[in-house]
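The structures considered in this document are given below.
Here come two complexes built around subunit A, the first alongside subunit B, the second alongside subunit C.
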Partner chain A sequence: MIVRSPSWIWRRVDLALLAGCVVLAVLPVVLEPSAYTHNQLTFLFLTSAGALAWNWLGGFVGQVSFGHAAMFGVGGFVAARLMLSLHLPAPLGWLGGAVVAGGFALGAHPLLRLRGPYFSIATIGVGEASRLGFTYWESFTGGSSGLSLAIDGDLQYQLYWWALALAAAVAAASLAIRRSSLGLKLLAIKADADAAADVGISATFYQDLICVLSGAVVGLTGGLYASYQSFIEPTDMFGFERSITFVLMAVIGGVGTPLGALLGAVVFVLVRIYLLASYPDLYLGLYGVLLILIILFEPLGLTGLARRGLRWVRRAPAPPGAAS
Partner chain B sequence: MTLLATRGLTKRFGGLCAVDGVDLELGDREILGVIGPNGAGKTTLFSLIAGSIRPTSGEIVLDGHRVTGLPAHRSVRAGIVRTHQIVRPFGTLTVFENVLVAAMHLSRTATGHARDRAAEVLEFVGLSDRQGHYPATLTLAGRKRLELARALSTGPRVLLLDEVVAGINPTEALALTALIRRVRDERGISVIMTEHVMPAVMSLSDRIFVLDRGKPIARGTPQEVVANPLVVTAYLGTSAGEGAGP
Partner chain C sequence: MPRLVDMLLSAVLLAGLYATMAYGLGLIYGVLRVVNLAHGGVLMAGAYLGWYLHERFGLDPYLSLPVVLVASFVLGVGLYQGLVRWLPRGAAGGPASLLLLFGVWLVLRNIAYLVFTGNDRTILTAYSSSSVAILGSHVSLNRLVVLGIAVAIAVLLHLGLRRTQVGRAIRAVAQNADSCTLVGIDTHRIYTLSFGIGTALAGVAGVLLATIFPFSPSSGSSELLKAFVVVVLGGLGSITGVALAALIVATVEVFAIFVLPAYLTTAVGFVLLVAILVLRPGGLFGHRVLA
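Here is the complex of A and B:
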């Protein structure tokens, strides 16, 4: 399974990404969408950033984590606590959450020597243990009743650009990693960790590094999400469903591809908007069907489909009469 | 001059002593052949020297420095690299990238330098025209050359070749044998090789080291070793009524 694109696709991806960010950045000013749309887009950016960062570990290194909600929750609660107890401004709170979440992710070090399904199963355990631990740590998380942040209308509005900047930065970082020597080393580790060690690449070091970076960014996303929701509670933040969501978005979009998770996040948010309210059961069923179809027919998800389409267009003969 | 030496190198797996007190010396620019029947401990010996597994006891010294128990990626930085009997190319990387990624640990700052070295090594092993292809499109002999190229691009002083010639056709085997000789002659790299293909190992090796059930039973020039009754016994066994040695 080849997870990379030829260079002619890269240039277009860069341009499309840049253009998309510019359009989205000026959109609220030009079109003045409703508060609902504004909020949904903010949510989309946060979701995208989380899924893209999950993909660093799950896709680039190939260690599929079902426990990333732990870092999301830690980032969210630490950020909320910093804002509530120390009255730090929101961006500092988010940053603090990210740092602690990155450190928390380093706790996965002993798990990272496991590979494949064994690692995945172990992360389920870590995720669930974190959920229970933080639910019972009432003095910090408020237990089942959670924490409420002061509602700040301006911040809610500005969060759109914060979230957009975060998603754009994570997307750019994903592309940069894939094209760098680091990206090549990660591909080598994913292909064969032992053979990588035999050519001087420490799988342990790079897995730890990516796990911390991925955890920190997911924690940062958790912090912004806390401000977005103004109310957070452990079952939602640390829930297994949240961990699954990261996996789903990456798989639907194209696991291991740098920007596939972005497509996955768009589909996820759209489906959520249209189906969650009216058919809450159908919503999960649809994901199940989508997941089965993708795993059976297109392991690279929507990205794989898009690449097939592009190749098909490229190979198709020019229409008669077109300039040669 | 001794470049690499092991002293009393031992590896036990539970009750099985796979490598049992091996003292081995490799000279500078020497090709040392390690032979022995199946299960003699050749691959385990390689894994120990390359750092893939840790020895139970004994030590490994490279150019006066102890490298015992270093993990594999640090052994590579120290200058010891291995190839695998069953080739293990990185399937999602092109031939060029396979070699490039192995060249990176030396020049972490200058990727340009790593690219030059990767290109040079691919030229050396004769895979330049395949550099944009994926390893799965290569023949087995091609993948063995790739395995060799990947090891060479790490800039080793000691190269451990685990059955590189086995399993390919005689013409390719001859070409690969010549290539291994050039690795020593042109690049000045010392080689330890295990091989079941006797013509290859006998013609290449300056000295031969024979292992049987983890223990060294003979060493010497290829001519001395094939004439050694212990070696004949280890390979062919003894006929009924005959003693187990001279």
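Here is the complex of A and C:
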């Protein structure tokens, strides 16, 4: 599934992304939204960043991970520990969490030679084992009672821009990876790792690289999330449900497309706001149905739908190699 | 300190259950090359169906097995005809089938939440707590029956795949579907049948599971992982291999209590899974398909 869009789309995507970031950056100052909206937007940026980073491994390389909660949790707890025990300022804590999460992701090195379903199922094992291990390690994670961070109103407010900057940086990095020779190498590995090796692209090296980068960014997200929540506990941070949300957002938005996960994150947060409150019993099934429909009818998710729409509007024939 | 005999016995009893959980997953992978991620959901659904029949109609869980068998067979055929057959086959279908069946799992889970709420359930019968003495240790009658059923299923499956025309056709399709088309086997029918049988086995395993352990709508992920460990360790599709692998996994789990704190013994299965996938991706007994 090689996804290349014509250049006119790229330029508009860049502009739209830039404009979106500027609007969102000044939004709290100009419109002064309620604290609730402010917080929900912060949450949206955090989930977007996580989903985009998941997509580097799951979409660009095609290694579908059901265990990214492990890195999210490691990043979150290391950051929280650095802030609580060493009294480091929050940004340094987040950074520390990201570095350790990246290192933790490198531990997946032996898994990365597995492909397809084998890799995916192994990641379920890693995720669940991490959850149990970190819940058991009470002196570090506080066990099932978790860790509480000091609540800092200013930081909570500023977190909006930190999260926005993170999401924007990850989105820009996604575009940069897709357009670079690295992106082409990843596509080659995704299509056929053996054939890629024949032309001198080491699947081992690039998969490790992407896994570490993806893990570090997800860890960074976990750190910011720890500050956002002020309270974290291992069963939530490392939970299978959390791993699933990364997968869901990326697939709904368009797995393998550079920015699809952004759309997926928007859907995810909207569902969380509007459906989870009124129909808490239906949301899992809703995602299940969405997943089935997307895989059967539009494997590129919302991005695929948007591309169809664009093509229909321009009434132009499909550009060669635009999709599939 | 528990006696060695007790622990070995409980490992054997657990192994029967694990093997039953694994056959369906192995059959579907062996024939269709699809990892049925909905397997955990079907286990859970089977457990609920058995529980419901017992609560509502007072049907003994072991007598409800035929009902569950038929119901989950129909579910499996429906899943194949409605969803799985439309996927691309082979490597390209890998992530797609995984995500699709994961969606099915989420839907099953949600239905169970809606119908049965999220409370933990167990199937409690008059004989749930009775035990018999074997080799000087007390063994739960229930677990013994489960082992008996597991052995019966293994024998039936083995004979069915070896001695019947359909079984031979299933094994042939697992080896080479294209050649089967050439000699006039309706591969589409075989795929449907295999997916149905695999799902039916999962449903039955679910009832067996429910007679021993409590379950809830979110159950299934650790069972799926254990089934997967057993299938991979046993070499995909070999029935004796699966049985041996189930015994190994159960033994490791039972004896892990010596080296690990009780809370972490659940993680043994996950660690074992990763270790086996990385070290012996072909299984301990090599690549044999439905031998």
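Operating definition for what follows: the second predicted complex is superposed on the first by the 313 of 324 C-alpha atoms of A that agree within 3 Å, B and C clash if a C-alpha of one lies under 4 Å from a C-alpha of the other, contacts with A are read in each partner's own complex, and residues count from 1 in each chain.
The rule is short, and it goes like this: contacts are C-beta pairs under 8 Å (C-beta built on N, C-alpha and C of every residue); 3 or more make two chains touch, one makes a residue touch a chain.
Note that the structure is a prediction, hence the values are computed from the model and not measured.
Visitor: May I ask you to name which of subunit B and subunit C touches more residues of subunit A?
Guide: The partner that reaches more residues of subunit A in the superposed model: C.
Visitor: Does subunit B (first) or subunit C (second) touch A:202, or do both, or does neither?
Guide: In the superposition, A:202 touches subunit B alone.
Visitor: Between subunit B (first) and subunit C (second), which does A:110 come into contact with in this model arrangement: first, second, both, or neither?
Guide: second
Visitor: Quick one: classify A:281 as touching subunit B (first), subunit C (second), both or neither.
Guide: In the superposed model, A:281 contacts subunit C only, not subunit B.
Visitor: For A:247, decide between first (touching subunit B), second (touching subunit C), both and neither.
Guide: second
Visitor: Regarding the shared-chain residue A:291, is it in contact with subunit B (first), subunit C (second), both, or neither?
Guide: So A:291 only meets subunit C here.
Visitor: Once the structures are superposed on A, label A:125 by its partner contacts, choosing first (subunit B), second (subunit C), both or neither.
Guide: In the superposed model, A:125 contacts subunit C only, not subunit B.
Visitor: If you stack the two complexes on chain A, which partner ends up touching A:187: first (subunit B), second (subunit C), both, or neither?
Guide: Only subunit B; A:187 stays clear of subunit C.
Visitor: Which residues of subunit A are in contact with subunit B in one complex and with subunit C in the other?
Guide: The answer is residues 1 of subunit A.
Visitor: For the complex, which residues does subunit C have touching subunit A?
Guide: That would be residues 35, 83, 86-87, 91-92, 94-96, 98-100, 102-111, 113-114, 221-222, 224-225, 228, 232, 261, 263-264, 266-267, 269-271, 273-274, 277-278, 281 of subunit C.
Visitor: Write out the stretch or stretches of subunit B touching subunit A in their complex.
Guide: Against subunit A, the touching part of subunit B is residues 50, 52, 71-74, 76-77, 81-82, 84, 88-93, 97, 100-102, 104-106, 108, 111, 114, 134, 150-151, 153-154.
Visitor: For the complex, give me every residue of subunit A touching subunit B.
Guide: Subunit A residues touching subunit B: 1-4, 181, 184-185, 187-188, 190-192, 194-204.
Visitor: Subunit C touches which residues of subunit A in the complex?
Guide: 1, 62, 64, 110-111, 113-118, 120-122, 124-126, 128-129, 132-133, 135-136, 240, 247, 251, 255, 281-292, 295-296, 299
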